[in-house]
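One chain, chain A, links the two complexes that follow: it is found with chain B in the first and with chain C in the second.
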Partner chain A sequence: MSAAAPAPRVFFREAIGRALAEAMGSDPTLVLFGQDIGRFGGAYREFTGLFERFGAQRVRDTPVAEAAMIGIGVGAAAAGLRALVSITYMDFLMLGLDPLVNYAAKACYKTGGQVRVPLVVKATAGARGQGVAHSQCIEAWLMSVPGLTVVAPATVADAYGLLKSALRHDGPVVFVDHKRLYPTAGELPTDAAEVPFGQARVCRRGDAVTLVAHAYMVRVALAAADELAREGIACDVVDLRSLAPLDVATLAASVARTGALVTVEEGQATCGVGAEVAARVREARGGEPFRVARVAALPAPVSSNPILEAACLPDAARVTTAVRTLLS
Partner chain B sequence: MLYQLAVPTPIEDVEELRVLEWHVAPGHAFAPGDLVVELETHKAVVEVRAARAGIVRSILAPVGDWQRLGRPLAVVSDTVDEPLPDAADTLAVMHVDFEVT
Partner chain C sequence: MTAAAELLRTMQRIRAFEEALAQRADRGFQLFSLGQEAVAVGVCAALGPDDQLLTSGRSIAAALARGVDPVAVMAELLGKQTGTNRGRGGRGHLAQPSRGFFGAHAVVAGNLTIAAGVALALSMRGRGIAACMFGDGACGAGALHETMNVAAVWRLPLLLVCDNNGYSISTPQAAALAPQPLAALAEPFRMPARSVDGMDVEAVRDAAVALVAHVRGGGGPAFLECRSARYATHSTSTRETRPDSERAADRARDPIRAQQQRCEARGEADAARCAAWDAEARAAAAAALRAADAAPYPLAASVLEDVR
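Entry: the complex of A and B
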């Protein structure tokens, strides 16, 4: 076996930037829309260099008008282009739900497959000190929309691989990039592959309990698993990567071994990702019993007060407590 | 006396960063206030300036290398002839001034 060069280490934003640059290079129909994505390079510098390389026609700065941004993206995609619309705060995706849900997600069905909408909505989610309307994770709302794909990377490699897949998909995709992942770095091989939709990633093996998370909460789940390992509780940690479609087979196989499921998410528990995961695993497991607990944000808005923000959101301590309670 | 030049702390939101540019080469001296090294975070540049005079003896993290907060980037000393240690971790941390822009 030849010695491979070590994979370059890059920031999360650089993985996104590389995926965008490669896709724009290979697909001349791809157009980007977003606030401050031009010369400024994006709120997290993830668009750095794209304006200079591909020009103002393809890297379009927009006003603060999310409904129009997504509406234009849907129209452009339906008319034959491929569009990525960047929503700086996922909270404001709410303004664009009509074109996304009523047009983009339904176009293929309404036209008997004649109209495809190759649209990616990149929506930056999560709490980082910015208060009630700039902190939300509403990806669970989107999981129930037929025709919509929803993905949420937790790592640098998956940010690249899922975005590459999204930028080749022929239907609308919501790509959730959690803002607390932007300070992170990771290995991204020069020959990094696309990550297919609907494939979860088992990132830690254990037989006592299955922890399921996505996006930034994978790091929280892994931190909890580290702590629980010191007590002799071995966690299977599953990173969903793709929320719609869900990789129920991987989830059910893990729960078949552990007999216990703890879901972890930054959004709300009610009708949340964990509720859906638990129900789908229950259906897949038939009559086989297993224990379930959900860890999610408290049922309150996320405050801009850092103490109250931290109190609202799941952390490793809440996850370990949930696991110990479930297993006791 | 020998010191380690370490990644300064705290830098909000940052766990690790990348060496962008060294402004003092090994064997060269720096004065208080000199820009010694620039570091790149996920969205900013950290200028690290010497708070005292010294000589860069050995660069442990060349341009493009990654390092975590508080970890050593270089070995520095007061005089050019002090023998270098095997490990930089145990050396006193040289005081620096730094600005995140």
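Entry: the complex of A and C
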């Protein structure tokens, strides 16, 4: 019996590009909107080749006007197309929150099911030296909006699989692609599957503590787990993948084994992803006690100054310190 | 029935509908179009069955002029399960896309970019145009600039209709908006624009027909300003701030009376006929209220339905 051929390794941008190309090929109603996604191919070259293959009607370069970009995507989707709007930096999503939150997320409900909005907003998040208004991770803000789905892949396979699911969903989805993941590569089988919403992924098994992260911070959590393993502390590492809906069952099962929860996120701790995860696990666990710590950005803007940026953001050392403190 | 008489009767139905609802003690918060009927009726007279109309929250006249069932509109405004939106949208969010009324949206300027998206979807499907009605209050918002810019660059089939009643709640136009007339906003985007008397339903219709022809012909977006006057306060929960003299002058420009006089002068309907139509309209409004009253409220247990 011969071993199966190893899955090809691709870059993060290639996984996104493949998901987009396949969806564009199978769904003629899908239209892409974004700044510099046409011949330029997108800020991270994730749109490379789509304009040439699918044309200017379906791969639309927009003016620098996020409110209009999202509003037009929402309106087009509500009227029978399917839309993906690419927001170059998640910070600029704030300019388009009105059509996303006040219209798209409520359209199905407020029309009694007459209008559905099959829309994906791809918002590139995270810090990489670009300063206070180009570095933010505001996905936690969106988790509290009824009607919105929020996903944030950490791997190549999940970038592909979650984007494919988002491009088939009949409601609005925010797809968070972290910019520090673009240089990463991973295996993407030729028959790679869609990844359903609401399913976290346990990417490392351990019984001492549960580390919960999403997007780029999964890599930070895994690096911390490597270091802690050398000290005999075995971490369960859970990649959320989907922030809304949240896979509380997987989180609660992990904490049931470990009795300790450390959340890791690049956004703020206050009203953050970790706060929600801790509260939901607490509710699910009933009276069972467990210890909790949150690791997040410090309560300061994220500077482009490399010393200040690094000081603000979580890294493996801060995670290991938090774990040691919690377990001591 | 002549076209002029149809315009009159539609305005009568809207007036009777809103006045019937306004008299109800339990009507709740409402946004009436009293005085502004000619704008919605004139614009809708220029639209066809494949077109979609979007509006601001002030949408009762537009929904009825577009042909949405008054019984379903009344039920929606009173929060009943049989409403256009199953009672979940309420005032400000009436919608029935299957009747060409894509819907109201009660965020000022919030439906403009949506309308551009609807226009894009219609153009890619190859039939129909989108029209979006908004108040002068939306003309200070960035969404209008962004929408006009993209619509012009992409030549979207979009008719922008500014129903200019002169006030953002209590703030007069002159205190909030620099362009004069508001139709001048369209000039930098090189789209055809007209400013008409919004209390004259035929003037609105004639301008809308001309601009819709431009839009439908692939010429890109167009802008229609209709100078109107609202007879009631901004909403049922807003205080009146305008002097009585100004309100009396507005009342003297009643679009329904003007159209009736026009019909009579042309010999298209005499006073008795117009009065009979008005009585019919009032009977229909009363029937819509009775039907809405008889309908059930949504079940509290349905609160989580249709969320995602």
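By our rule, the second predicted complex is superposed on the first by the 326 of 328 C-alpha atoms of A that agree within 3 Å, B and C clash if a C-alpha of one lies under 4 Å from a C-alpha of the other, contacts with A are read in each partner's own complex, and residues count from 1 in each chain.
Operating definition for what follows: a residue touches a chain if its C-beta (ideal position, glycine included) is under 8 Å from a C-beta of that chain, and two chains touch if they have at least 3 such contacts.
Owing to the predicted nature of the structure, the values given are computational and were not obtained by experimental measurement.
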item: First (chain B), second (chain C), both or neither touched by A:S242; value: neither
item: Which partner reaches more residues of chain A (counting touched residues only), chain B or chain C; value: C
item: Which of chain B and chain C A:T320 touches, first, second, both or neither; value: neither
item: First, second, both or neither for A:S165, with chain B first and chain C second; value: neither
item: First, second, both or neither for A:T184, with chain B first and chain C second; value: first
item: Which of chain B and chain C A:Y44 touches, first, second, both or neither; value: first
item: First (chain B), second (chain C), both or neither touched by A:F12; value: first
item: On chain A, the residue positions that both chain B and chain C contact, one per complex; value: none
item: Chain B-facing residues of chain A, complex; value: 9, 11-13, 44-45, 128, 182-185
item: Chain A-touching residues of chain B, taken from the complex the two chains share; value: 13-16, 18, 41-43, 66
item: Residue numbers on chain A that touch chain C, as the complex places them; value: 31, 57, 60, 62-63, 65, 67-68, 70-81, 83, 98-99, 102-103, 108-115, 146-149, 171
item: Touching residues on chain C, where the partner in the complex is chain A; value: 52, 83-89, 93, 95-98, 102-103, 105, 107, 110-122, 124-125, 142-143, 146-147, 149-150, 153-154, 305-308
